[in-house]
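Inspection log for the structure reproduced underneath, given as structure tokens.
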Amino acid sequence: MPFSHARTVRFADTDAAGVVFFARYLAMCHEAYEEALAVAGLPLARFFADTGLVVPIARSEASYLRPLECGDRLRIEVSPTRLGEHSFALAFTLWKIVPAADPAVANTEKRAAVARTEHVCIDARSRERRPLPDVLAAWVDAG
Amino acid sequence: MPFSHARTVRFADTDAAGVVFFARYLAMCHEAYEEALAVAGLPLARFFADTGLVVPIARSEASYLRPLECGDRLRIEVSPTRLGEHSFALAFTLWKIVPAADPAVANTEKRAAVARTEHVCIDARSRERRPLPDVLAAWVDAG
Amino acid sequence: MPFSHARTVRFADTDAAGVVFFARYLAMCHEAYEEALAVAGLPLARFFADTGLVVPIARSEASYLRPLECGDRLRIEVSPTRLGEHSFALAFTLWKIVPAADPAVANTEKRAAVARTEHVCIDARSRERRPLPDVLAAWVDAG
Amino acid sequence: MPFSHARTVRFADTDAAGVVFFARYLAMCHEAYEEALAVAGLPLARFFADTGLVVPIARSEASYLRPLECGDRLRIEVSPTRLGEHSFALAFTLWKIVPAADPAVANTEKRAAVARTEHVCIDARSRERRPLPDVLAAWVDAG
């Protein structure tokens, strides 16, 4: 089962068209990745500091399926996949939670966006490719 | 007791100095205000749409007391005060949660910032001052 | 010849890894699009207000080829292509300007990212598809 | 004469109220400060890397006088003042440029915001106060 991150759309995420600015969907996906790592005991900031490695995003793609408004409640799923010795991909689905009118009935969810990022592990200084460290590889391979 | 909002510092909140960019503290305060209103049954987006009113910020001030890093857990307190017929102020305190080394011991908190914003109720179109609508006035006056 | 937009990387564009956060590349591409429209006499905000139409992004993809630091000078190229009656795509190239050590020698440029967005014209209220208005279609078709 | 920075309001600066989000005014002021330093030969990123010093903002205040829309052209003035051995303040004025209807007539400007930030020089690692380095002190004292 993929990791799920709960997020509420904030006023600063929106733009003058009244809905979330497209690049903010990707920032929200990154938050889900940060939270998934933190829950796995791998906080991103400490990981960078401890290993001297960084895992920048080499590629992103996203399909924006539904507008999102300030106050919307989201559930963001994130699933890692190994790409190679130095790299992995993350698949994201942003679900918009639609509260049921009747509180006795379960909420429904509508898919608001899907996104995918590719990450490459490099040395922070030389920016040369490095194998994923074991703890990160384990998290990726656990899928 | 003031309303409290839990927030984790995200990578996108930080800058190349390694800590949260100063203007992001204010954006995080605004999130606490949005959440306080939502919990009070006054979601900001719907409020604007329903009333034709907006409550832009006329003034802000903030003291930044501690750097914040990606992954830091915060508790943001927000307390409203009435300023006049058309306006109110919000006082914010950002507390950084410092996890205790011993899980049997309670976490401590350190004050990371204090901020204050002043809001004026206006008509969204004419931008003329309007009295706070009753539901908003009630939330403010409940403090 | 594609439209070019000059942009300097700002501190708020960067994150704790010391370089521009990936989603900010896309926001910078959007700025180039806004500027291209403004130069063509089609300012985005007025266009939305005048026509009741919006052209949200349905899809984005980007390859991040080089890290960008605060202070880096960029040239962002944007080229529109028609996709159909209601939609168009934008192709972006972000060039990092590398100042020549010798002021008598021309600066060089290195490709820092390529991106592509797809835009669909819809009615702002009903969110139903609408043909591109003539002025926007003319801008797109002029490529 | 204070340093002036030209800035156009971008879509990503705005929120669902249709105007610039309050914290973005402060981010735009910071850009003017970065540009002023760069023009003075003191690019912020290199300064941090070369000296091991950072000059975080300890306090900010701002008065928001006018709403700003996507496409608005701004002129942001920045003036430094020395506060002490380790610290300085920056005063900002954001002017909104109002194009004259008649192109033969000069544009006018309206004050959209005033802001002030206080900066303290510290060691990036120990976070202890340090005297302003000579080049930065010279820029501040030139006012």
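Should a chain be cited, it is by its letter among A, B, C and D, assigned in written order, with residues numbered from 1 in that chain.
Heads up, the rule we're going with is that a contact is a pair of C-beta atoms (placed from the backbone, for glycine too) under 8 Å apart; a residue touches a chain by one contact, two chains touch by 3 or more.
Please read these numbers as outputs of a predicted model, since none were measured by experiment.
Compared on C-beta pairs in contact, B-C and C-D come out with C-D as the pair having more. With every chain reduced to the mean of its CA atoms, the largest distance from subunit C is reached by B.
Subunit D has its Cα centroid 25 Å from the Cα centroid of subunit C. Centre-to-centre separation of subunit B and subunit C, using mean CA positions: 32 Å.
Of all residues in subunit D, those that touch two or more other chains are 11-12, 16-19, 21, 23, 27, 30, 45, 69-70. Contacts from subunit C toward subunit D in the complex involve residues 8, 10-12, 27, 30-31, 34-35, 38, 43-46, 69-71. The part of subunit D that touches subunit B in the complex is made up of residues 16-19, 21-24, 26-27, 30, 45, 48, 54, 56-64, 67, 117, 124, 127. Per the touch definition, subunit D reaches subunit A in the complex via residues 11-12, 14-19, 21, 23, 69-70.
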